[in-house]
Amino acid sequence: MPEFDLLGFLIQWLTIFGLYSILAITLNLEAGFAGLTNFGKVVFYGIGAYVGATLTTYLTLHLNNVDPFEYPPYSIDGIVKLIELGGKSPPLSIGLLALSLIIAFIAAGSVGFLLTYPILRVGPAFVGFTLLSFGELMRVFLRHYEPVGGSKGLAAIPRPFSWVGDPKLSGFLFLLLVLGLVAFTYITMDRLTNSPIGRVFRAVRDDEIAALCLGKHVPRIKALTLFIGSGFSGMAGALMAYYFTSVNPDMFVPAVTFNVWAMVILGGMGNFTGSIIGVALFTLVDRLLAFITPTLGVTAISPDYIRWMFVGLLIVIVLLFMPKGLLAERPLKTPAADEARKLLAEGVGSAQHT
Amino acid sequence: MPNILEVRDLAKYFGGVRALDGVTISVPEKSIVGLIGPNGSGKTTLFNVVTGFYEPTRGEVLLRDDDGSVERIDGLNPNEVFLKGVVRTFQVPRLFTSLTVLENVLVTPPVQIGERVLDAPFKSRWEKQERELARKAVGLLKRFGMGDYVYSRVTELSVAHIKLLETIRGLMTSATLYLLDEPAAGVDYGVARELFNYIRGLREEGLTFFIVEHRLDVLMDYVDYVYVLHNGKLLSEGKPSEVVNDPKVIEAYIGG
Amino acid sequence: MVSKSIPIQLIYLIVGVLIGLAAGYGVFSITAPPPGEAPVGEGRTYTIGFTLPLSGELSSIGKIWEKVTRLAIEDLNNEVKAYGLNVTFNYEILDDETKDDKALQNVQTFAQKGIKVVVGPAASSQVKVVKAFADENKIVIISPSSTSPTLALKGDFIFRTVGSDAGQAKALATLAYQEGARKVIVFHRNDEYGRAFADFFINYFKDFGGTAASQPYQTGLADYAAEVSALAARVQSEGFDAVVLVSFDTDGANILSHAAESAILSGVRWFVSEGPHGASELLTQSVGEFAAKVRLYGTRPLFIANPLYAEFKDKLKEKFGLEPAVFCENLYDAVKLAGWAIIRAGSYDGDAIAGALVEVAKTYYGPSGWTMFDEAGDKAMQDYGVWAIVKTAEGKYEFRDVGVYERGSIVFIEEAY
Amino acid sequence: MRRLKMPQVPWDVLSSLTVMVVQYSLLYMIFAVPLTLSYRTTKVINFVHSNFVTYGAYAAILLNGLYGNRNMLLAAALAFTVSGGIAVLNNVAVFRPLDKKGAKPVALMISSMGLWIFYKYLLYTIIDLATYFSRINFVSYPKIVYEWIPSLSLGSVKLSSSFIATSLSAAAMIAGLYALLEKTNLGRAMRAVSDNPTLSEISGIPRHMVVNLTWLIAGGIAGVGGVLWTSYAGSITPEAGDSMILQIFTVGFIGGLSSLTRTCIGAVLVASIENYGITLLNQFFGVETSYKPFLTFITLITTLVVSPPLGAGGGLPYKLFRRAGRSA
């Protein structure tokens, strides 16, 4: 008698949790710390996914001496070839993974960097709308762009660990990779924000005009933030392509962005741990709902609509009654406070200025 | 005494509105110069043009460097003007509300290793500099009597301290010219005098101040020279005592 | 130096995750329904998983499918009882929102519960996302409606109880050519379904000796008036004698409604794919009159004059008051096949069930006709019927199947217009 | 001499296309003018605006589907009440409390996004229930044919009854708003609040009442727009408002979210670019009509880059490309 597959559940949940965590942490860097209301998060996720998918499929074919232009990976012949060839050689799989991650970072980051230009001209409240509409523009473009499959998208993307054989083990290895990337993202962002540049991020968020008048190159800081945030989102996107083994334009709808926003707002703007908790709660509830809803037997209304209504209300309620979220923003941690405390305790102050 | 700042025939039109129309002003080094005028006379627009918010429609803004060379700064961006050594404050104070007083001051210094993105994640690279800056900042805060507020949020400060803090932020750099937009607005008389005493003290140390102020009772006791703007044009200029008695000024203030 | 706080935060995180897990597992173990296979008394109970588009783009069809599912499971259980087998089938329906990631999540959920047979998902893009997981974990996926040619792959766990678009495109091309169209414009959805269908259609139509051009339109718009207007401009300036519409239900209904107001488009013939069939919005007076004027015919996967289909249609009407929408009969047969394959397999194991499914399908005949699979696991013999919108005696409009595609030509069994 | 064969846009296509462009212009006007109106008074970037349209449309649809109503005035009255009511409710329950707590405009926008999601799925749930009980498919509903409204034929040009209704409504809206804003005390108060909220409060204008009234009017007009939509669109889905949100905002942005006149010009511009643009591109350059959203997005992004909405929370005073020759 088959039992509940707890291990499978954990692997699957934590993988999704990991992918969303990267998005939430970077969104928190952009929106929570630097004040960029990025409603186009899905753009960078999508770019990463397409970069990962395109590189892996084309190169898998090419390096196995199949001409990817004769058997394009979006055609049935290409897919048959990909299933035949993909995921057989460990060094090739790992190499493609590494390459995809790097290129996805650069590609998504660069687009983020360039998108700073239109949003400089509009006030903070309009940044969201500009990026949102760019996301839709990207989707229309992808549907028409044949080399990445157009409306078909790309399928049968070889997974990086499928050479292991056992699906559980390869899933576990992939999970470790995802969680490793989450840890890397978390530590990088945590260190970035608890440093002088983190102080500048917060200053720009609080008052970008004052920051500009204090000599901070605000456009560069915004571009940098979007570059970093988008780059990491791109890496999450590349991993997502491997996880789903298929990408198509309609995966990258604004709903993804809104989900991430709800997670970040619930967890607390300006607190990365909060974001992770927000993601964990959301993804876990989603998973549990999948187990619970069939037993309710409700067919007149869709539980999914109720879930989204709840998400919408949650955003409003958190903003109204708990604007800081579950975990409030923590004060900046740099050695300055510590040094100041020492000085004040000693009662010595050197009044030097040049 | 050479001029640190010269504004020559400066004009700024917004559509048909002539916010500034041919203004010429010079601010000598190590002086306190006042700029007064009724509401809407173009004082803040002048500051905004000098600090790079707006490009002037006509005219030029010249700034003298440390080494004595003169440079045009109109058309530069605000952050670039700041890096040339011009600090401004705002009529409505603009502090970073989520940061502590100490951190507000620490944002200012321009060349921080920890603000470079590749160095920021590695604390060891910037910790030494950060500690040095912190010592300097605490020193400054103590000197202006704000030693007790080092860890306070700026939202907890009094209006006077907020005004003071905006000025102190500038002192973390080697800036030499301060443009203060109504430093004494909303501050009671005693505190306002205290603030201007500090300004006078800083002037002795070699700084230059160019101040927009409505509270003439305080201002006139401290400035060396006053310009009066009216409808975007210079109405009068001179020593405080001369200006106060200028009939044109009196008429503009009462009639305007 | 690493900031000391990071490990502490990570520990918090890990502890939090573990607590969450424990809570989740607790909740689950209380609410968990019986797993895929459980002995009940002396008999056995099997659960078949369903991932259906109850919300999202295909929701209007998905809602009807849900009813069909319930009907099919009931019939299956009665049939099994009649054979004297002590087996009961349960079903679990999950909504996949017509979204790819949700479909995968649903299949994973079923897998974690030990369910090895899943019916659905609806769209080809969803099937693609599910495929790798299904193959690796040996979950049998039976999609009643995925028609993309890029999923015709051998030796996988994906089965489709509907013929590929290629077959229908040929039937539609035959219909159009036989009805006298020589120069047609294919107005189609700009998605995988629309593009593939249009390509097939154009190839077949050219083989017959006609000429065809294509005009894709963007999906997900609020209204298609501008697209229809551009179509009219092309029809007028290039002199097409027929329009072939390849669409889903909502967009198809919208387009036909606007076309009904255009003098140009009312002057050419219209041929339609299976998508709009069954859409209640088409049964309005203006579209009905338009259909009669342009002698609108559509094709759809159907084995016409099939008593089982008639019976199925009546049962659905009687039980739920519904007309079958597109692919309902394919879904019904998918459920039946899944049930019999589980019984035949002998062991509850993906490989065995997949093998048994192929065997069962060879001898099964249902509302959708013969269900035999080809080597790629797709329906080998799909029959196509011709539908039309006809006026009833009461002055209302209804869909009626008026012809059949047989041995390379269309045979009309009824005069529609 | 052989004549080069150029595809041409035939005259009757052009005339019906023009009728369509005019209709879309008027519809976009009715959708976008209230957006501008509400933004300039309240400074909230209101995503719920697309819900106003959809709820208006579904008020008419449910009235038609469940009770067989074919009277457009009744539908419009209900739609005005529903959408206007939602707008006022939003303000009272969410925007004003947030504003009182000193939330930034960005927080208001995010909360409107949350409300948008909420209302969208609330409508889906309502429709699900209505479908469940009435067995009528409300998820995709055919165009409603209203009674009493005539259609006209001017030669070969046919003006549908929907076109007549839309023109009359647009004219009524413009006249009504003009009279309201220019001739009444309330209108002057609305303009005063939008010019300077703090000052107007000091000078004794009941700001909250004015803001609530603005929301009522803005939501209500958008809701009536939804009713007009049900008489025009080939079929209506609960995504109707959302699929037009980018067009509506583009129109609003062209108007700088401040000028009603410019918003109307924006409506004409967007409707023309979309419809003439894609037909011409399709006819003469063979561009597939599925590229149509591209045109809208490019219009939007061009507007944001070239002429960002003024007073829109202040862009950065930063000049990426400066005049050359700055050193003295």
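Labels A, B, C and D are assigned to the chains in the order they are written; within every chain, residues are numbered from 1.
Methods note: a contact is a pair of C-beta atoms (placed from the backbone, for glycine too) under 8 Å apart; a residue touches a chain by one contact, two chains touch by 3 or more.
Small disclaimer: the values here were computed from a predicted structure and weren't measured.
Distance from each chain's C-alpha mean to the overall C-alpha mean is smallest for A.
The interface holding more C-beta pairs in contact, when A-B is weighed against B-D, is A-B.
Centroids built from CA atoms put subunit C at 70 Å from subunit B.
The mean-CA centres of subunit B and subunit D are about 45 angstrom from one another, to the nearest whole unit. Chain geometry summary: the mean Cα position of subunit C and that of subunit D are 35 Å apart.
Contact with two or more other chains is made by residues 140, 143-144, 191, 209, 212, 218, 302, 305 of subunit A. Taken residue by residue, subunit B touches two or more other chains at 77-78, 123, 127, whereas all remaining positions touch fewer.
Counting only residues that touch two or more partner chains, subunit D has 124, 288, 290-291, 293, 317-318. Taken together, the subunit A residues at the contact with subunit B in this complex read 188, 191-192, 195-200, 202-203, 205-207, 209-218, 224, 228, 270, 329, 331-332, 334-337, 339-340, 343-344, 349-354.
Residues 1-6, 8-10, 12, 14, 16, 74-76, 79-80, 83, 140, 143-144, 150-153, 155-156, 159, 162, 167, 170, 183, 186-187, 190-191, 194, 244-246, 248, 250-251, 273, 276-277, 280-281, 284, 286-288, 290-295, 299, 302-305, 333 of subunit A touch subunit C in their complex.
Listing the residues of subunit A that touch subunit D in their complex gives 35, 37, 39, 117-118, 120-126, 128-130, 133-134, 136-137, 140-141, 143-144, 208-209, 212, 218-219, 258, 261-262, 265, 300-302, 305-306, 308-309, 311-316, 319-320, 323. For subunit D in complex with subunit C, the touching residues are 7-10, 12-13, 16-17, 20, 24, 124, 131, 135-137, 139-143, 145, 158, 160, 229, 232-235, 237, 239-241, 243-244, 274-275, 278-279, 282-283, 288-293. Contacts from subunit C toward subunit D in the complex involve residues 55, 59-60, 63, 190, 215-218, 220-234, 236-238, 249-250, 253-258, 261-264, 279-282, 284, 286-287, 321-322.
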